[in-house]
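Right, one structure below, let's go through it.
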Amino acid sequence: MIRFASDYTEGAHPSILSALAETNYEQNPGYGEDTHCAHAAELIREACGTPEAAVHFLVGGTQTNTIVIASILKPYQGALCAESGHINVHETGAVEATGHKVLPLPAVNGKITAAQVQNACEAHIHDASFEHIVQPGLVYISHPTEYGTLYTLEELTALSEVCHRYGLPLFLDGARLGYGLASPETDVTLKDIARLCDVFYIGGTKVGALFGEAVVITAPSLQKDFRYMIKRGGGMLAKGWLLGLQFETLFQNDLYMDLGKHAVTLAYRIRDAFREKGFSFIMESPTNQQFPILTDEQLDKLSSEFSFTLWEKVDETRSAVRFCTSWATKEEQVAQLIEAIKKL
Amino acid sequence: MIRFASDYTEGAHPSILSALAETNYEQNPGYGEDTHCAHAAELIREACGTPEAAVHFLVGGTQTNTIVIASILKPYQGALCAESGHINVHETGAVEATGHKVLPLPAVNGKITAAQVQNACEAHIHDASFEHIVQPGLVYISHPTEYGTLYTLEELTALSEVCHRYGLPLFLDGARLGYGLASPETDVTLKDIARLCDVFYIGGTKVGALFGEAVVITAPSLQKDFRYMIKRGGGMLAKGWLLGLQFETLFQNDLYMDLGKHAVTLAYRIRDAFREKGFSFIMESPTNQQFPILTDEQLDKLSSEFSFTLWEKVDETRSAVRFCTSWATKEEQVAQLIEAIKKL
Amino acid sequence: MIRFASDYTEGAHPSILSALAETNYEQNPGYGEDTHCAHAAELIREACGTPEAAVHFLVGGTQTNTIVIASILKPYQGALCAESGHINVHETGAVEATGHKVLPLPAVNGKITAAQVQNACEAHIHDASFEHIVQPGLVYISHPTEYGTLYTLEELTALSEVCHRYGLPLFLDGARLGYGLASPETDVTLKDIARLCDVFYIGGTKVGALFGEAVVITAPSLQKDFRYMIKRGGGMLAKGWLLGLQFETLFQNDLYMDLGKHAVTLAYRIRDAFREKGFSFIMESPTNQQFPILTDEQLDKLSSEFSFTLWEKVDETRSAVRFCTSWATKEEQVAQLIEAIKKL
Amino acid sequence: MIRFASDYTEGAHPSILSALAETNYEQNPGYGEDTHCAHAAELIREACGTPEAAVHFLVGGTQTNTIVIASILKPYQGALCAESGHINVHETGAVEATGHKVLPLPAVNGKITAAQVQNACEAHIHDASFEHIVQPGLVYISHPTEYGTLYTLEELTALSEVCHRYGLPLFLDGARLGYGLASPETDVTLKDIARLCDVFYIGGTKVGALFGEAVVITAPSLQKDFRYMIKRGGGMLAKGWLLGLQFETLFQNDLYMDLGKHAVTLAYRIRDAFREKGFSFIMESPTNQQFPILTDEQLDKLSSEFSFTLWEKVDETRSAVRFCTSWATKEEQVAQLIEAIKKL
């Protein structure tokens, strides 16, 4: 069984395992106050072009989303996001657990628009009962989205502008950021994201690390006392240098971008194989997740050899499925899948 | 500089790093639903003598305490604990963040007694304003305590009995459990803990793992839907098998106990060196933390070569300090410290 | 200016003011532990036909919804409700403030169906990521709804059955219950509600009281320790007998039903006047709220003499508006409005 | 049975009942946006000498404390207060329910000092683990305290200064403020409180109103969006003018001060009767609560005719008890009590 079900099925890039082994008996202070974290933060600030940004390292995505959002919102505020946004559908109410409502907006291909944000803000301001309604307090987007899609630079710029016009911090969930930055179809760079967002995170768990997400807070007003929030949210790793070490590795020698490119290249091979065979997709994804539509029979056939995710029923006899590649996917695994696709 | 400041200054036992390396390209399902977690849980159930216990793997101590406590308490209930308990003093209000009051009891050497718990329950029941007061909903103890001390079997049995008499689950924080179980001065075994507590955790972070805590829920009524709580609390590691793998390693070939013994043996050498030199201690600790009292001058002298923790001022010119050993402490490091002690 | 904008624009039925005056120097114990509360609870239990129900008196609707919901749900559970439900749209995230997600379902005329609840439960159970999704933990409905509509006995019975099949308590928000029970078009009695719901409240604020809502908990498993929840939620009125006194008055001599009938009768006169004049309505309401559609010009004309609520734009030149009657509406006020309608 | 058990055993001052009756059919907009609230706020601003203060009306004390505190604190902050403070001991964890730890300080006669606040802040700042500890975020005091005691102007000024030096808002719980302001032994005026505190509330429930507390926010930075907090906290009364009306009445013709004086005068008669008879007190209270120490036999004797509160056991055979007077206490009730005291 070869797994294409997710992009977190293997351990870590070998250079990360090496770094762990080499530093194993190094004695480090705890809680992220070590030289590896400091160095990794510096490398990330450089890559982002934001010398004043605060960088923190957390363990996982739900934890990161929750802590960032709770650090920004006032008690009566909520987070605007796509209705398909991870915080709205797949975090067991972690944001609500901190006392905040998620304010979902209808999404197209996992994305929301500047116009939607503006309308939501205007509607709130002009509602006669506005004080009886949760106030929009930030905008959450994911890039790539949960559907593998990407914002264009124009879309992201428009979102950033509208957010700042209404005083809402823009928070970008980059759990799969590496696969977005490496897409041949994107015009958005890491520096663009750092310039346009108030806070975002660079996903490690799905892009070469054992675990770990690097939060970058560019807005000075959101930086104060963030470490208290991490501790309170159960996110302060005792051996914090394990996170610093991993991001130190990922942000040297372009490794993070290279891992992203590897996965996207292989995803495109899978996409092309399905295309050539005449399959359609529920959406065009320019990143490491691909969503072809299979008949039940085709689905069964592929399932005998490969694992992948059932995404949604399209009609009585067909379903959209998701194939994920990652930094760890091997060329031969993809070749084997392509062979099987050809035989469908 | 040799660090005795805490028991989480190094990475992981080499056999854990090996296990990570060997399984790096193994493809595992996420979120702890893999064979390593299943196997580790089985090994732990065996070691505990509790074939029906639920075992879950979390990343860190604050996270574990918070999720366990929030899973047990009703909204109007609080957690009875020693005033020096970790949840009361060093978790930035993580328990309160879930809506619950911590109910501190005066502690002697970090421990509370069955009589205190009984008094607190009786006082609550008989207070005319009882509905205006947070109801005791569970008892939290740490073993070893934050002061390195241990409950005796008699004390633990009495606590368990009084808890069950009043319907309060007994929760034991075992962040340093390995160092407690390995103490030559304890009469409490892992099986005793599993029998007497309703839920407890076996600390990995401080006892040989890179990170990780194994929650053991022996009370059937507390087992339902715990995974929802983990996810909601931001504690569900995407690559959950990394936790399973580490506990699988720790609970084979007696490794967990051996690491505990190693640290305690070395701690006793340090204790004996201070004793022989005539130093007194703020308390007798039978585990890997030792709390001698130094003059400011002695403190300065040792600080030039060793890091350790300033615990509390004892008087104008003397302070209690903490020396920690761990699974990673080397004999030669201890020897070097003992040399320095002798010269004081 | 005559106000038809809401059903809480006047004080209280004169018999309630009299009761307050007569008992003003009576000395009562606080916090609802007085004879008036006990008597009012007894009268309500009789009216409901539920001799074992627990009855509690709270001050307002948002408070009541929040406390009831927080008392029922486990941390990882949410409240299924109509997307137009008051808890979802007009309580500034009070439910989320207790850590719980509101799970909105598309609604028709403010109502949800048993089939929707069943589908939501089945979808949750069968989702591969179910532990990553908030679990449905109760069903919240309002009766009358926020649109003045009513569940039929058949609909309510079906909801009750599906709730109990899936282990979800059914909670009915009866902020305007009197106006529902008094509708000539309903087949649902107070006894039906008490039999079919696990917990509900009888609204006083909008139906003759100065303020106050009577929570009736019929499900024995939901009764325990509810007063702690009230206190914790800031809902325990020091002079609790003020609530008991008001419900004692409302539930004697059929006053509550009479006040309901009075308002609905007058609402029907308004409805008939609009109908006779050829106006259409955005929905048929059998209770004290009526939603005719006016042109901007008609709206302006009526606004000079009457206050009412702009409900929603229907098209470029027309809006639906809401006219409310209440226990306090006077025949001559309605007559004056009808005159104005005739002149439109 | 004559009740001296609390100061909330009767309804409201007759002039408040009259105001309710006279305005019963007045049509008012809801939620505090009416002319009575506006007028009452204006009268309170005048009485306080703070023309820019925001004034809001809430229903009860726990609700007020919780909403005010939750509006001020950041998630990782807590409220410093006396260990006997109402929020710490008698609100069923309402503050914790909003995610915040109460940080109790040892109190003498219910009061804390500027030095204690300074020490707590300094200890936090200089703790090596400060980010692992809840940060002091405000100071809560009650005046009169739960023991009937009062801060002197010097004490209050010192508290205010230290709070502002450390950036902590000072919040004064004035549930019994009228009885403090009216004490012949105080040098603190309402204007002093308004000048020295950042936010405080003027208690109505215990001082002549049916219910109601007037929150005065003098610090401009704490005023924004407070009404959202009220609604979210379940504290926005639908018929908000009922609160405005009561404070409008209390703050005209010196009624609030007169009611305070009445109660304190009668309390002093009780105090003097006990004193003359040679009784001692557990503390000197200059307000409407008096705490004489009785033998069990004396306690039983008085209990047959009067209700009062058992405060605490002093030794095997004696207890401190509390006698409360209020705006409603009648001279003849006190005379009857004094007769009984004389016969002890």
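A few points about this structure:
For clarity, chains are labelled A, B, C and D in written order, and residue numbers in each chain start from 1.
Keep in mind that, in the parts below, contacts are C-beta pairs under 8 Å (C-beta built on N, C-alpha and C of every residue); 3 or more make two chains touch, one makes a residue touch a chain.
What you see is a predicted model, and the numbers here were worked out from it, not measured in a lab.
Between A-B and B-C, more C-beta contact pairs join the chains of A-B. A centroid comparison over C-alpha atoms places A as the chain most distant from chain D. The distance from the centre of chain A to the centre of chain B, with each centre set as the mean of the Cα atoms, comes to 34 Å.
Chain centres here are Cα means. That of chain B falls 42 Å from that of chain D. Separating the CA-averaged centres of chain B and chain C is a span of 50 Å. Shown for chain B are the residues in touch with two or more other chains, namely 75-76, 91-93, 97-99, 131-132, 228, 231-232, 236.
Within the complex formed with chain D, the chain A residues making contact are 31, 70-71, 74-76, 98-99, 131-132, 135, 225, 227-229, 231-232, 236. Residues 75-76, 78, 89-93, 96-102, 128-129, 131-134, 310 of chain B are the ones touching chain D in the complex. Across the interface of their complex, chain A is touched by residues 1-3, 5-6, 8-12, 14, 17, 20-21, 23-30, 59-63, 66-67, 91-94, 97-98, 205-206, 210-211, 228, 231-239, 242, 328 of chain B.
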